[in-house]
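Okay, so chain A shows up in both of these, paired with chain B first and chain C after.
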Partner chain A sequence: MSGGTTEYTIVEDGSFTAPLELSYPYKRTVGPVLSRFLTGLRDHRIEGTVGSDGRVHVPPAEFDPVTGAALTEWAPVASTGTIVTWSWQPSPVEGNTLQHPFAWALIALDGADTNLLHAIDAGSPEVLSTGMRVQARWAAEPSGSISDIECFELAERATGAAS
Partner chain B sequence: MAERCAVIGVGQTHHTSCRADVSIAGLVREAVDRALVSAHMTMADIDAIVIGKAPDMLEGVMMPELWLVDALAAAGKPVFRVHTAGSVGGSTAIVAAQHVMSGVHKRVLTVGFEKQSDGNAMWALSVPMPFGMPVHAGAGGYFSPIIRSYIKRSGAPAHIGCMVAVKDRTNACKNPYAHLHEPDWTLEKAMASPMLWDPVRMVETCPSSDGAMALVLASEDVADAHTGPKAWVHATAMRSEPTAFAGRNQVSPKASEDCAADLWRKAGITSPIDEIDAVEMYVPFAWFEPMWLESLGFAPKDQGWRYVEDGVTEMTGRLPVNCSGGVLSSNPIGASGMLRFGEAAMQVMGIAGEHQVDSVRKAFGHAYGGGSQFFAMWVVGANKP
Partner chain C sequence: MRDVAIIASAQAINAATTTATPVEMLIPVVNQVLENAGIARADIGFWCHGSCDYMTGQPFSFVSAVDALGAWPPIIESHVEADGAFALYEAWIKIQTGEVDTALVFGNGRSSSGDINRILTLQLDPYVVGPLWPDDRSIAALQARACLESGVVTERAMAEVAMRNHHNAISNPYALRRGDHTIDELMAAARVADPLRELDCPAHADGVTAVIIAAGDRARSLAKRPAWIRGIDHRIESQNLGNRSMTTLPSAAAAAHKAGVGSDKIDVAELHAPYTHQELLLTSALGLGESTSINPSGGALCANPMMSAGLARFAEAAARIMNGSADRTLGHASSGPWMQQNLVCVLEGE
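Our next item is the complex of A and B:
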């Protein structure tokens, strides 16, 4: 946590202001479902849970969005997919897996019924359009997190489904 | 005239310091599943959900009720979130009861939880505000001067806090869900426990727990048709007051006294110690047992500590207090108030197992929060009110 001596200032009208910075060391415990998903990513395997209506959720839903039932059936999905929508990030910030301009995108992986938020390394926004085919680029050193997919990149135009 | 309401389902997790094996959603769901089983229901039977937890800052997940919709099977159903700091588990159960007593819903699921291991509850609530005195004291540091004030005004001897602690830790050994199972405490050993915030010793403080508690509340027709045990809600009350104002009595806050008076009036109770068979009281620091005994009207002013010393609040005493082991033995903060409310209901339902008191007709559940400023209480009984 932060604390210590307050460095306050007095603005022209006599009001006092001071900074208040908060930070705490939190932990995240993701449970058995997301743990299996993250373990799979480490081994270059993407899988989702199958909902009561047959939809495949990626990332996996722990509980069915329709019935609330605990989901236990898994389905493998491909590391290729289609861009559903995207937005260009011209100025990457600390913590982004790519440190040069890239696109944020919702990606429908082949075999999944939900969209995955991830980065696309496309070089320039001019070459991007909704419906284009992408494929995962795996991180050189897996860590058991979503960034084990370093980013997606455009699939070969020849094999693409985009029109 | 409010509709009648009964607790027909109770479920809790095994409280412990770190449930690394489950997500918050999975933790909540464990308690919910157990409550539904005891209510002979499934998720599909539930009309509405009322959820509470202590400040979101404790785990750093803002508005977790939105994220938990799937785990609560709440899609398309009314969901109500309650925020009243440490008293929230009690307030949440009361709001859930009001969902039924209003006549709007017949089957309401309510749940309180905390995953303290995901955060840092001690310091998340002790923010050093600019221009204020940076105390860095935590909850124990906040309450210790209030306890000292109680000791001074009542003339209580120094060992009373340790007597409460030994009682609650011993009781907890009869509760398989309790976080601490420490059968070897004696008064002598407790008195040698390290002093953390004078006069509060380590043994007199609550643990930091992961856990959840869930209840199913039902309307009269649903409860009548339910073949399992049930506990009728006889009265509920809530009161709040600011943390600080001139003339504030922090040992026995006016909001506490007013809340209890309102509760006893609504429940038709004139002598709480004679009419209540089991008490589940919010005691995160041991000295609060005698303090609340007085504030709530169970004991005369300055005499609460004598009830402790005379064994009145032992499981075998005239007024058993915290047979479950209480907050001193399990403290998943957002669930702790609901644990008091639910354990009171369990005593009435006769399902408390080894920590069951014989022939409980009426039980009292209590929670407080913030700087002794938020209060929630209920009376549940075996007979219809």
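Our next item is the complex of A and C:
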């Protein structure tokens, strides 16, 4: 964990001035495992690590939940998957990838054995149900972060859409 | 092992908002618990505090709390970045070392300093979950739906939990939310984070709880009927929501087993389950049956003061022993999304 990127200026008398931001503006350094995962998202590639029991972890586990050993084997998974559970967010907050009402969901991506938490752009809770098929919608400007997946959308609705 | 008991407690009346500073909130409660125990400040061997810098938005904010204790002559003091119940666990261990015989434990938090549902986002995985900014209710709602759809809870059972806790809170002067509701009324209410309704969600509050624990004969000399800690255990689950059970609480079950919950009947259980479906999961994980009265205080649904709601459960469970209305009670504290951490304490009268 490192400090924030505070911008400062040196004024005429030689003293430093900097803005005061009342928050924890931490930036985190990701290790080799999450770095590979997040870099993959930038390139529209989703992959996970393979545990000692053969389970594919997406997002990747750095260490095996069973043995504690560092995980080094990777497996690609699809950008499509199935809704495992969902909830409705009627009032998006600052930082959400969507700024209109949307669903939160745990999604089992095809080829993964764990669930990924993300947003679903569904329009209304009435059309949603567990078990529905979804596919990733990629962000227009990737940044190497989890929000490079802007959200997921219902697969039948996404047919023919540019993605 | 040394026998250790809770011998006194005090709470602030939970408030939706307060203008008092953390120190101003602490002073009357710390003074009250000392008075309730009939012990002098100088006779406290160890002070242990639970609070969270993220609540105040200020690093090392807990240091100022020492102003409420009085640190001259020097005191032995510690802090956990957690609910005060976890500070009690540390104090219990401190007494086990034999260095001290008494400890004053306290937890405090002002939930109203910011948007609490957003502050709680900061306890999530900071790499692949936190950056999406899911709020606390949305995360709980994911678990609730999984429980509903798998059949381990029903909407009616959740409404019954809300009804019972809000009814019980009528007789709890410290509660923030209370009242009588019908099942029909509760089930007809609007969903705030589908499938959750407002009264399925905790009443976040500004609050303080303080407890004094003491060893052996010191406890017997300070209280008529100390609440003896017969078992205490803390278990944690993975931070990875996508690789956790949504319908069971293995950490709570493990803590209950280690604390010896099942070795005899529990008269009263005070559970720190912030959401209605979580109380149902927890009751099942702890192995509690019909003979146990759950949350006579109204629980965290009716007042969830961050960083002291768990310690308040311990205080309530101990009070039933000390007033003679129960012989064996359970205090529980939780922390993290989907009750990731569980601390279980079994209390008995002599």
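The rule is simple: the second predicted complex is superposed on the first by the 132 of 163 C-alpha atoms of A that agree within 3 Å, B and C clash if a C-alpha of one lies under 4 Å from a C-alpha of the other, contacts with A are read in each partner's own complex, and residues count from 1 in each chain.
Throughout what follows, a contact is a pair of C-beta atoms (placed from the backbone, for glycine too) under 8 Å apart; a residue touches a chain by one contact, two chains touch by 3 or more.
What you see is a predicted model, and the numbers here were worked out from it, not measured in a lab.
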{"item": "First, second, both or neither for A:V93, with chain B first and chain C second", "value": "second"}
{"item": "Contacts of A:S79 with chain B and chain C, given as first, second, both or neither", "value": "neither"}
{"item": "Touched partner set for A:D64, first chain B, second chain C, both or neither", "value": "first"}
{"item": "Which of chain B and chain C A:Y8 touches, first, second, both or neither", "value": "first"}
{"item": "Partner chain in contact with A:L34 - chain B first, chain C second, else both or neither", "value": "both"}
{"item": "Which of chain B and chain C A:A18 touches, first, second, both or neither", "value": "first"}
{"item": "Partner chain in contact with A:Q135 - chain B first, chain C second, else both or neither", "value": "neither"}
{"item": "Residues of chain A at both interfaces, chain B in one complex, chain C in the other", "value": "22, 24, 28, 30, 34, 61, 65"}
{"item": "Touching residues (chain side chain A, partner chain B) in the complex", "value": "1-4, 6, 8, 16, 18-20, 22, 24-34, 61-70"}
{"item": "Touching residues on chain A, where the partner in the complex is chain C", "value": "22-24, 28, 30, 34, 37-38, 57-59, 61, 65, 84-90, 93-97, 104-106, 114-119, 125, 130, 145-147"}
{"item": "Chain C - residues contacting chain A, complex", "value": "54, 57, 115, 118, 122, 126-129, 131-135, 137-139, 141-146, 149, 191-196, 238, 240-243, 246"}
{"item": "Residue ranges of chain B in contact with chain A within the complex", "value": "19-26, 29, 43-44, 57, 59-60, 69-75, 115, 117-120, 123-124, 127-131, 134, 136"}
